[in-house]
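Each of the two complexes below includes chain A, the first together with chain B, the second together with chain C.
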Partner chain A sequence: MKFSILVSEGPYTHQSSDTAYQFAKAVLAKGHEIFRIFFYHDGVNNATRLTTPPQDDRNIINRWSKLAEENNLDLVVCVAAAQRRGIVDDGEMKRNGKDATNLAPGFRISGLGQLIEAGIQSDRLVVFGD
Partner chain B sequence: MLHIINKSPYDRPALDSVLATGEGAILLIEDGVYAAVKGGAEENKIKGAMGKFKFYALTVDLEARGIADRVMDGITAVDYAGFVDLVADNKTCQSWL
Partner chain C sequence: MTTKKFMMVNRKAPYGTIYAWEALEVVLIAAAFEQDVSLAFLDDGVFQLKKGHNTKGIEVKAFEKTWGALEDYDVTKLYVSQEALAERGLTADDLAVPVEVLSRADIGKLMEEQDVLLSF
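What follows is the complex of A and B.
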(Lines of atoms letter the chains of each structure in order from A and count residues from 1; the text may use other names and numbers.)
(Lines give C-alpha, C1' and ligand atoms only; values in the text may rest on other atoms or scores of the structure.)
Protein backbone atom coordinates (compact mmCIF):
# COMPACT_ATOMS: atom_id res chain seq x y z
CA MET A 1 0.00 0.00 0.00
CA LYS A 2 1.16 3.54 -0.75
CA PHE A 3 1.39 5.95 2.21
CA SER A 4 2.11 9.65 2.49
CA ILE A 5 2.73 11.54 5.71
CA LEU A 6 2.10 15.18 6.62
CA VAL A 7 4.10 16.71 9.49
CA SER A 8 2.85 20.11 10.70
CA GLU A 9 4.58 20.42 14.07
CA GLY A 10 8.18 21.47 14.69
CA PRO A 11 10.79 19.15 16.19
CA TYR A 12 11.33 19.18 19.97
CA THR A 13 7.90 20.76 20.42
CA HIS A 14 5.49 18.11 21.61
CA GLN A 15 5.74 14.66 20.10
CA SER A 16 4.47 14.70 16.53
CA SER A 17 7.84 14.75 14.75
CA ASP A 18 8.87 11.70 16.77
CA THR A 19 5.58 9.89 16.22
CA ALA A 20 5.68 10.62 12.49
CA TYR A 21 9.23 9.25 12.27
CA GLN A 22 8.39 6.06 14.18
CA PHE A 23 5.27 5.62 12.07
CA ALA A 24 7.26 6.08 8.84
CA LYS A 25 9.76 3.44 9.97
CA ALA A 26 6.92 1.03 10.80
CA VAL A 27 5.29 1.64 7.41
CA LEU A 28 8.55 0.69 5.65
CA ALA A 29 9.13 -2.28 7.97
CA LYS A 30 5.71 -3.60 7.00
CA GLY A 31 6.74 -3.55 3.34
CA HIS A 32 4.54 -0.61 2.38
CA GLU A 33 5.71 2.24 0.19
CA ILE A 34 6.05 5.88 1.28
CA PHE A 35 5.21 8.14 -1.65
CA ARG A 36 6.15 11.37 0.12
CA ILE A 37 6.59 13.03 3.50
CA PHE A 38 5.43 16.65 3.42
CA PHE A 39 6.47 19.23 6.01
CA TYR A 40 4.07 22.13 6.49
CA HIS A 41 3.61 25.02 8.95
CA ASP A 42 6.10 24.66 11.87
CA GLY A 43 6.86 21.19 10.51
CA VAL A 44 9.37 22.83 8.13
CA ASN A 45 11.68 23.27 11.14
CA ASN A 46 12.34 19.53 10.81
CA ALA A 47 14.49 20.46 7.80
CA THR A 48 17.21 22.76 9.14
CA ARG A 49 20.64 21.15 9.20
CA LEU A 50 21.83 23.75 11.75
CA THR A 51 19.91 22.05 14.56
CA THR A 52 22.30 20.94 17.30
CA PRO A 53 20.60 19.04 20.14
CA PRO A 54 22.65 17.89 23.17
CA GLN A 55 24.76 14.81 22.44
CA ASP A 56 22.59 12.49 24.53
CA ASP A 57 19.39 13.63 22.76
CA ARG A 58 18.05 12.33 19.47
CA ASN A 59 18.82 14.42 16.39
CA ILE A 60 15.41 14.60 14.75
CA ILE A 61 16.71 16.31 11.61
CA ASN A 62 19.61 13.91 10.96
CA ARG A 63 17.24 11.03 11.63
CA TRP A 64 14.95 12.18 8.78
CA SER A 65 17.93 12.68 6.44
CA LYS A 66 19.23 9.18 7.22
CA LEU A 67 15.82 7.57 6.76
CA ALA A 68 15.43 9.36 3.42
CA GLU A 69 18.86 8.28 2.24
CA GLU A 70 18.39 4.66 3.25
CA ASN A 71 14.94 4.34 1.74
CA ASN A 72 15.08 6.84 -1.11
CA LEU A 73 12.27 8.91 0.42
CA ASP A 74 10.90 12.17 -0.97
CA LEU A 75 10.96 14.73 1.88
CA VAL A 76 9.26 17.92 0.73
CA VAL A 77 9.18 21.24 2.60
CA CYS A 78 6.46 23.78 1.83
CA VAL A 79 8.12 26.82 0.25
CA ALA A 80 5.87 29.51 1.77
CA ALA A 81 6.11 28.00 5.27
CA ALA A 82 9.90 27.64 4.78
CA GLN A 83 10.38 31.27 3.73
CA ARG A 84 8.51 32.50 6.80
CA ARG A 85 10.68 30.39 9.10
CA GLY A 86 14.05 30.87 7.40
CA ILE A 87 14.49 27.43 5.85
CA VAL A 88 16.63 28.13 2.79
CA ASP A 89 18.14 26.13 -0.09
CA ASP A 90 20.41 27.40 -2.88
CA GLY A 91 17.52 28.49 -5.09
CA GLU A 92 15.74 30.37 -2.31
CA MET A 93 19.01 31.96 -1.18
CA LYS A 94 19.56 33.48 -4.62
CA ARG A 95 15.94 34.37 -5.20
CA ASN A 96 15.55 36.17 -1.87
CA GLY A 97 19.04 37.65 -1.61
CA LYS A 98 20.05 35.67 1.48
CA ASP A 99 23.65 34.90 2.45
CA ALA A 100 23.29 31.30 3.61
CA THR A 101 21.44 28.03 3.21
CA ASN A 102 20.36 25.57 5.89
CA LEU A 103 18.24 22.88 4.21
CA ALA A 104 19.24 19.47 5.55
CA PRO A 105 20.28 16.64 3.18
CA GLY A 106 17.44 14.61 1.76
CA PHE A 107 14.91 17.46 1.89
CA ARG A 108 13.74 19.61 -1.01
CA ILE A 109 11.68 22.81 -1.02
CA SER A 110 8.59 22.84 -3.21
CA GLY A 111 4.98 23.94 -3.31
CA LEU A 112 1.72 22.91 -1.73
CA GLY A 113 0.81 21.11 -4.96
CA GLN A 114 3.18 18.38 -3.78
CA LEU A 115 0.90 17.75 -0.80
CA ILE A 116 -2.18 17.61 -3.02
CA GLU A 117 -0.42 15.20 -5.35
CA ALA A 118 0.60 13.05 -2.38
CA GLY A 119 -3.03 12.90 -1.31
CA ILE A 120 -4.14 11.86 -4.79
CA GLN A 121 -1.35 9.36 -5.49
CA SER A 122 -1.33 7.65 -2.10
CA ASP A 123 -3.77 5.14 -0.66
CA ARG A 124 -3.45 6.79 2.75
CA LEU A 125 -2.37 10.23 3.95
CA VAL A 126 -1.64 10.33 7.67
CA VAL A 127 -1.36 13.67 9.46
CA PHE A 128 0.90 14.32 12.46
CA GLY A 129 0.69 17.71 14.12
CA ASP A 130 -0.16 19.82 17.09
CA MET B 1 -12.89 5.46 9.45
CA LEU B 2 -9.92 5.60 11.81
CA HIS B 3 -9.85 8.59 14.15
CA ILE B 4 -6.42 9.43 15.58
CA ILE B 5 -6.45 11.48 18.80
CA ASN B 6 -3.15 12.87 20.12
CA LYS B 7 -4.30 15.28 22.82
CA SER B 8 -5.42 14.58 26.36
CA PRO B 9 -9.22 14.68 26.88
CA TYR B 10 -8.47 17.07 29.74
CA ASP B 11 -6.88 19.47 27.26
CA ARG B 12 -8.96 19.28 24.09
CA PRO B 13 -12.48 18.07 23.28
CA ALA B 14 -11.41 15.88 20.34
CA LEU B 15 -12.78 12.68 21.87
CA ASP B 16 -16.24 14.21 22.28
CA SER B 17 -16.14 15.40 18.66
CA VAL B 18 -15.17 11.94 17.43
CA LEU B 19 -17.87 10.19 19.46
CA ALA B 20 -20.42 12.56 17.91
CA THR B 21 -19.51 11.25 14.44
CA GLY B 22 -21.33 7.99 15.14
CA GLU B 23 -19.06 4.98 14.60
CA GLY B 24 -15.59 3.80 13.61
CA ALA B 25 -12.23 3.09 15.17
CA ILE B 26 -10.38 5.37 17.57
CA LEU B 27 -6.62 5.24 18.11
CA LEU B 28 -5.28 7.15 21.10
CA ILE B 29 -1.66 8.30 20.74
CA GLU B 30 0.69 10.71 22.53
CA ASP B 31 -1.22 12.53 25.32
CA GLY B 32 -4.45 11.12 23.87
CA VAL B 33 -3.71 7.89 25.75
CA TYR B 34 -4.73 9.55 29.03
CA ALA B 35 -8.33 8.92 27.99
CA ALA B 36 -7.67 5.18 28.33
CA VAL B 37 -7.00 5.19 32.08
CA LYS B 38 -9.22 2.85 34.06
CA GLY B 39 -11.31 4.81 36.51
CA GLY B 40 -10.63 8.07 34.73
CA ALA B 41 -13.22 10.71 34.00
CA GLU B 42 -13.61 9.48 30.43
CA GLU B 43 -14.31 5.85 31.34
CA ASN B 44 -18.10 5.95 31.35
CA LYS B 45 -18.16 7.88 28.08
CA ILE B 46 -15.80 5.41 26.40
CA LYS B 47 -17.52 2.32 27.83
CA GLY B 48 -20.84 3.67 26.57
CA ALA B 49 -19.44 4.14 23.08
CA MET B 50 -17.83 0.71 22.76
CA GLY B 51 -20.79 -0.65 20.84
CA LYS B 52 -20.20 1.85 18.06
CA PHE B 53 -16.45 2.43 18.25
CA LYS B 54 -13.44 0.16 18.57
CA PHE B 55 -10.80 1.68 20.84
CA TYR B 56 -7.03 1.33 20.53
CA ALA B 57 -4.10 2.99 22.30
CA LEU B 58 -0.42 3.14 21.33
CA THR B 59 1.57 0.97 23.75
CA VAL B 60 4.78 3.03 23.77
CA ASP B 61 2.85 6.19 24.63
CA LEU B 62 1.01 4.37 27.45
CA GLU B 63 4.35 3.09 28.77
CA ALA B 64 6.01 6.51 28.50
CA ARG B 65 3.29 7.88 30.79
CA GLY B 66 3.36 4.95 33.22
CA ILE B 67 -0.22 3.92 32.56
CA ALA B 68 0.25 0.76 30.47
CA ASP B 69 -1.07 -1.39 33.34
CA ARG B 70 -4.02 0.89 34.06
CA VAL B 71 -5.86 0.69 30.73
CA MET B 72 -9.59 0.04 30.97
CA ASP B 73 -11.01 -3.22 29.61
CA GLY B 74 -12.06 -3.09 25.99
CA ILE B 75 -9.24 -0.86 24.78
CA THR B 76 -6.65 -2.72 22.71
CA ALA B 77 -3.00 -1.71 23.06
CA VAL B 78 -1.13 -1.67 19.74
CA ASP B 79 2.50 -1.07 18.73
CA TYR B 80 3.59 1.01 15.72
CA ALA B 81 3.12 -1.99 13.41
CA GLY B 82 -0.44 -2.21 14.72
CA PHE B 83 -0.83 1.53 14.10
CA VAL B 84 0.16 0.96 10.44
CA ASP B 85 -2.29 -1.95 10.18
CA LEU B 86 -5.12 0.20 11.55
CA VAL B 87 -4.43 2.88 8.95
CA ALA B 88 -4.26 0.27 6.20
CA ASP B 89 -7.39 -1.58 7.32
CA ASN B 90 -9.54 1.56 7.50
CA LYS B 91 -10.34 3.23 4.22
CA THR B 92 -9.82 6.73 5.62
CA CYS B 93 -8.11 8.23 8.65
CA GLN B 94 -8.56 11.56 10.40
CA SER B 95 -6.10 13.09 12.84
CA TRP B 96 -7.98 15.34 15.28
CA LEU B 97 -5.42 18.09 15.82
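What follows is the complex of A and C.
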Protein backbone atom coordinates (compact mmCIF):
# COMPACT_ATOMS: atom_id res chain seq x y z
CA MET A 1 0.00 0.00 0.00
CA LYS A 2 1.10 3.56 -0.68
CA PHE A 3 1.10 5.81 2.41
CA SER A 4 1.66 9.48 3.03
CA ILE A 5 2.06 11.04 6.45
CA LEU A 6 1.17 14.49 7.77
CA VAL A 7 3.06 15.67 10.85
CA SER A 8 1.27 18.61 12.50
CA GLU A 9 3.18 19.12 15.73
CA GLY A 10 6.69 20.17 16.60
CA PRO A 11 9.28 17.86 18.16
CA TYR A 12 9.62 17.27 21.93
CA THR A 13 6.59 19.29 23.08
CA HIS A 14 4.20 16.81 21.49
CA GLN A 15 4.62 13.11 20.89
CA SER A 16 3.06 13.32 17.41
CA SER A 17 6.32 13.45 15.48
CA ASP A 18 7.79 10.55 17.48
CA THR A 19 4.70 8.49 16.72
CA ALA A 20 4.79 9.52 13.07
CA TYR A 21 8.44 8.41 12.90
CA GLN A 22 7.67 5.03 14.50
CA PHE A 23 4.72 4.61 12.14
CA ALA A 24 6.88 5.45 9.11
CA LYS A 25 9.45 2.86 10.17
CA ALA A 26 6.72 0.24 10.65
CA VAL A 27 5.22 1.03 7.24
CA LEU A 28 8.60 0.50 5.56
CA ALA A 29 9.34 -2.63 7.61
CA LYS A 30 6.09 -4.16 6.34
CA GLY A 31 7.20 -3.53 2.77
CA HIS A 32 4.79 -0.68 2.04
CA GLU A 33 5.70 2.48 0.17
CA ILE A 34 5.82 6.02 1.59
CA PHE A 35 4.96 8.56 -1.09
CA ARG A 36 5.66 11.61 1.05
CA ILE A 37 5.93 12.90 4.61
CA PHE A 38 4.57 16.44 4.91
CA PHE A 39 5.28 18.80 7.81
CA TYR A 40 2.71 21.48 8.65
CA HIS A 41 1.81 23.81 11.54
CA ASP A 42 4.56 23.52 14.21
CA GLY A 43 5.51 20.25 12.50
CA VAL A 44 7.91 22.33 10.39
CA ASN A 45 10.12 22.57 13.49
CA ASN A 46 11.02 18.92 12.86
CA ALA A 47 13.23 20.28 10.08
CA THR A 48 15.67 22.60 11.85
CA ARG A 49 19.20 21.21 11.97
CA LEU A 50 20.03 23.63 14.83
CA THR A 51 18.16 21.47 17.32
CA THR A 52 20.45 20.17 20.08
CA PRO A 53 18.72 17.84 22.54
CA PRO A 54 20.59 16.47 25.60
CA GLN A 55 22.98 13.66 24.67
CA ASP A 56 20.94 10.94 26.37
CA ASP A 57 17.78 11.93 24.47
CA ARG A 58 16.72 11.04 20.95
CA ASN A 59 17.57 13.54 18.20
CA ILE A 60 14.24 13.74 16.40
CA ILE A 61 15.56 15.87 13.55
CA ASN A 62 18.62 13.70 12.79
CA ARG A 63 16.39 10.65 12.99
CA TRP A 64 14.16 12.01 10.21
CA SER A 65 17.19 12.91 8.07
CA LYS A 66 18.65 9.41 8.50
CA LEU A 67 15.35 7.69 7.73
CA ALA A 68 15.00 9.82 4.59
CA GLU A 69 18.51 9.07 3.43
CA GLU A 70 18.25 5.34 4.02
CA ASN A 71 14.87 4.96 2.35
CA ASN A 72 14.98 7.75 -0.20
CA LEU A 73 11.95 9.47 1.40
CA ASP A 74 10.44 12.77 0.32
CA LEU A 75 10.25 15.00 3.44
CA VAL A 76 8.41 18.21 2.57
CA VAL A 77 8.06 21.27 4.78
CA CYS A 78 5.21 23.68 4.01
CA VAL A 79 6.69 26.98 2.84
CA ALA A 80 4.08 29.27 4.41
CA ALA A 81 4.26 27.45 7.76
CA ALA A 82 8.07 27.45 7.54
CA GLN A 83 8.26 31.18 6.83
CA ARG A 84 6.11 31.93 9.89
CA ARG A 85 8.36 29.83 12.10
CA GLY A 86 11.80 30.63 10.70
CA ILE A 87 12.66 27.42 8.87
CA VAL A 88 14.93 28.56 6.03
CA ASP A 89 16.75 26.99 3.07
CA ASP A 90 19.04 28.74 0.57
CA GLY A 91 16.17 29.83 -1.67
CA GLU A 92 14.13 31.24 1.21
CA MET A 93 17.20 32.97 2.64
CA LYS A 94 17.77 34.84 -0.62
CA ARG A 95 14.09 35.52 -1.29
CA ASN A 96 13.39 36.94 2.15
CA GLY A 97 16.75 38.63 2.81
CA LYS A 98 17.71 36.44 5.77
CA ASP A 99 21.28 35.88 6.95
CA ALA A 100 21.18 32.13 7.65
CA THR A 101 19.64 28.79 6.79
CA ASN A 102 18.65 25.97 9.12
CA LEU A 103 16.91 23.31 7.00
CA ALA A 104 18.13 19.84 7.98
CA PRO A 105 19.43 17.38 5.34
CA GLY A 106 16.80 15.29 3.61
CA PHE A 107 14.06 17.93 3.91
CA ARG A 108 12.85 20.30 1.22
CA ILE A 109 10.58 23.34 1.42
CA SER A 110 7.59 23.45 -0.92
CA GLY A 111 3.93 24.43 -1.12
CA LEU A 112 0.76 23.04 0.39
CA GLY A 113 -0.08 21.61 -3.01
CA GLN A 114 2.38 18.85 -2.11
CA LEU A 115 0.09 17.82 0.75
CA ILE A 116 -2.96 17.73 -1.50
CA GLU A 117 -1.00 15.76 -4.11
CA ALA A 118 0.01 13.31 -1.37
CA GLY A 119 -3.69 12.87 -0.56
CA ILE A 120 -4.50 12.25 -4.20
CA GLN A 121 -1.62 9.88 -4.95
CA SER A 122 -1.64 7.79 -1.77
CA ASP A 123 -3.94 5.00 -0.67
CA ARG A 124 -3.81 6.39 2.87
CA LEU A 125 -2.88 9.82 4.23
CA VAL A 126 -2.28 9.41 7.96
CA VAL A 127 -2.35 12.51 10.18
CA PHE A 128 -0.24 12.80 13.33
CA GLY A 129 -1.23 15.82 15.38
CA ASP A 130 -3.19 16.86 18.43
CA MET B 1 -6.21 15.05 -12.41
CA THR B 2 -7.81 12.50 -10.10
CA THR B 3 -10.53 14.00 -7.96
CA LYS B 4 -10.83 12.72 -4.43
CA LYS B 5 -13.19 13.55 -1.61
CA PHE B 6 -11.31 15.65 0.96
CA MET B 7 -12.94 16.56 4.26
CA MET B 8 -11.25 19.12 6.49
CA VAL B 9 -12.32 18.65 10.09
CA ASN B 10 -12.16 21.84 12.13
CA ARG B 11 -12.19 21.17 15.86
CA LYS B 12 -10.48 24.19 17.37
CA ALA B 13 -11.60 27.70 18.30
CA PRO B 14 -10.67 30.36 15.70
CA TYR B 15 -8.14 32.13 17.92
CA GLY B 16 -5.79 30.91 20.62
CA THR B 17 -4.03 28.53 18.25
CA ILE B 18 -3.16 28.74 14.56
CA TYR B 19 -4.90 25.52 13.54
CA ALA B 20 -8.05 27.14 12.18
CA TRP B 21 -6.14 29.66 10.09
CA GLU B 22 -3.71 27.16 8.60
CA ALA B 23 -6.57 24.70 7.98
CA LEU B 24 -8.23 27.35 5.85
CA GLU B 25 -5.07 27.61 3.75
CA VAL B 26 -5.28 23.85 3.10
CA VAL B 27 -8.94 24.18 2.11
CA LEU B 28 -8.13 26.84 -0.47
CA ILE B 29 -5.25 24.85 -1.97
CA ALA B 30 -7.34 21.66 -2.15
CA ALA B 31 -10.04 23.65 -3.94
CA ALA B 32 -7.44 25.11 -6.31
CA PHE B 33 -6.46 21.50 -7.11
CA GLU B 34 -10.13 20.96 -8.05
CA GLN B 35 -10.74 18.37 -5.37
CA ASP B 36 -14.16 17.57 -3.91
CA VAL B 37 -13.74 19.55 -0.70
CA SER B 38 -16.03 19.67 2.31
CA LEU B 39 -15.59 21.10 5.80
CA ALA B 40 -16.85 19.71 9.07
CA PHE B 41 -17.04 21.85 12.19
CA LEU B 42 -16.98 19.98 15.48
CA ASP B 43 -16.39 20.88 19.13
CA ASP B 44 -15.00 24.46 19.53
CA GLY B 45 -14.54 24.53 15.74
CA VAL B 46 -18.10 25.85 15.46
CA PHE B 47 -16.88 29.18 16.91
CA GLN B 48 -14.88 29.69 13.69
CA LEU B 49 -18.15 30.34 11.88
CA LYS B 50 -19.74 32.66 14.42
CA LYS B 51 -20.78 36.12 13.25
CA GLY B 52 -19.24 39.29 14.63
CA HIS B 53 -15.61 38.46 15.35
CA ASN B 54 -13.66 41.47 16.60
CA THR B 55 -9.96 40.68 16.88
CA LYS B 56 -8.63 44.21 17.27
CA GLY B 57 -7.74 43.66 20.91
CA ILE B 58 -5.61 40.60 20.23
CA GLU B 59 -3.98 41.97 17.05
CA VAL B 60 -4.61 38.94 14.85
CA LYS B 61 -6.41 38.71 11.53
CA ALA B 62 -10.16 38.06 11.76
CA PHE B 63 -11.67 35.09 9.99
CA GLU B 64 -15.09 36.14 9.04
CA LYS B 65 -14.41 37.67 5.62
CA THR B 66 -12.50 34.62 4.51
CA TRP B 67 -15.57 32.38 4.74
CA GLY B 68 -17.19 34.44 2.01
CA ALA B 69 -14.24 33.60 -0.27
CA LEU B 70 -14.95 29.88 -0.05
CA GLU B 71 -17.86 30.22 -2.41
CA ASP B 72 -15.53 31.70 -5.06
CA TYR B 73 -13.58 28.46 -4.82
CA ASP B 74 -16.76 26.36 -5.14
CA VAL B 75 -16.41 25.16 -1.58
CA THR B 76 -20.01 25.07 -0.44
CA LYS B 77 -20.25 21.90 1.66
CA LEU B 78 -20.01 23.09 5.24
CA TYR B 79 -21.29 20.64 7.84
CA VAL B 80 -21.77 21.72 11.43
CA SER B 81 -22.35 19.49 14.40
CA GLN B 82 -25.77 20.08 15.93
CA GLU B 83 -24.54 18.89 19.32
CA ALA B 84 -21.48 21.17 19.23
CA LEU B 85 -23.71 24.19 18.52
CA ALA B 86 -26.19 23.29 21.23
CA GLU B 87 -23.47 22.67 23.83
CA ARG B 88 -22.22 26.22 23.20
CA GLY B 89 -25.63 27.91 23.16
CA LEU B 90 -25.47 28.59 19.42
CA THR B 91 -27.85 28.03 16.52
CA ALA B 92 -27.35 28.23 12.75
CA ASP B 93 -28.63 31.86 12.94
CA ASP B 94 -25.47 32.82 14.84
CA LEU B 95 -23.24 31.72 11.95
CA ALA B 96 -21.72 33.97 9.28
CA VAL B 97 -22.35 31.65 6.31
CA PRO B 98 -25.00 29.13 5.26
CA VAL B 99 -24.23 25.65 6.58
CA GLU B 100 -25.83 22.25 6.90
CA VAL B 101 -26.43 21.35 10.53
CA LEU B 102 -26.11 17.60 11.11
CA SER B 103 -25.95 15.24 14.04
CA ARG B 104 -22.57 13.86 15.05
CA ALA B 105 -23.71 10.47 13.81
CA ASP B 106 -24.57 11.86 10.36
CA ILE B 107 -21.23 13.68 10.13
CA GLY B 108 -19.63 10.35 11.03
CA LYS B 109 -21.40 8.75 8.07
CA LEU B 110 -20.10 11.49 5.77
CA MET B 111 -16.59 10.87 7.08
CA GLU B 112 -16.87 7.26 6.04
CA GLU B 113 -17.49 8.36 2.46
CA GLN B 114 -14.28 10.42 2.26
CA ASP B 115 -11.01 9.48 0.61
CA VAL B 116 -8.95 11.88 2.71
CA LEU B 117 -9.75 13.28 6.16
CA LEU B 118 -7.53 16.05 7.49
CA SER B 119 -8.24 17.10 11.04
CA PHE B 120 -7.17 20.41 12.49
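The rule is short, and it goes like this: the second predicted complex is superposed on the first by the 130 of 130 C-alpha atoms of A that agree within 3 Å, B and C clash if a C-alpha of one lies under 4 Å from a C-alpha of the other, contacts with A are read in each partner's own complex, and residues count from 1 in each chain.
The working rule: contacts are C-beta pairs under 8 Å (C-beta built on N, C-alpha and C of every residue); 3 or more make two chains touch, one makes a residue touch a chain.
Just so we're clear, the structure is a prediction, and the values are computed from it rather than from any experiment.
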Just checking: does A:S16 make contact with chain B only, chain C only, both, or neither of them? Give me first, second, both or neither. first
By the touch definition at the top of the document, which applies to A:V27: first (chain B), second (chain C), both, or neither? first
I'd like to know which partner A:F3 touches here: chain B for first, chain C for second, both or neither. first
Of the partners chain B and chain C, which touch A:V127 in the superposed model: first, second, both, neither? both
Please indicate which partner A:K98 is in contact with in the superposed arrangement: first for chain B, second for chain C, both, or neither. neither
First, second, both or neither for A:I116, with chain B first and chain C second: second
Looking at A:K66, would you say it contacts chain B, chain C, both, or neither? Reply first, second, both or neither. neither
For chain A, which residues lie in the overlap of the chain B contacts and the chain C contacts? 8, 127, 129
Give the list of chain A residues in touch with chain C in this complex. 6, 8, 40-41, 80-81, 84, 111-113, 115-117, 119-120, 125, 127, 129
Residue set of chain C touching chain A in the complex reads 1-2, 4, 6, 18-19, 22, 25-26, 29-30, 32-33, 35, 115-120
For the complex, give me every residue of chain A touching chain B. 1, 3, 8, 14-16, 19, 22-23, 25-27, 29-30, 32, 123-124, 126-130
Touching residues (chain side chain B, partner chain A) in the complex: 4, 6, 29-31, 60-61, 79-81, 83-85, 87-88, 93, 95, 97
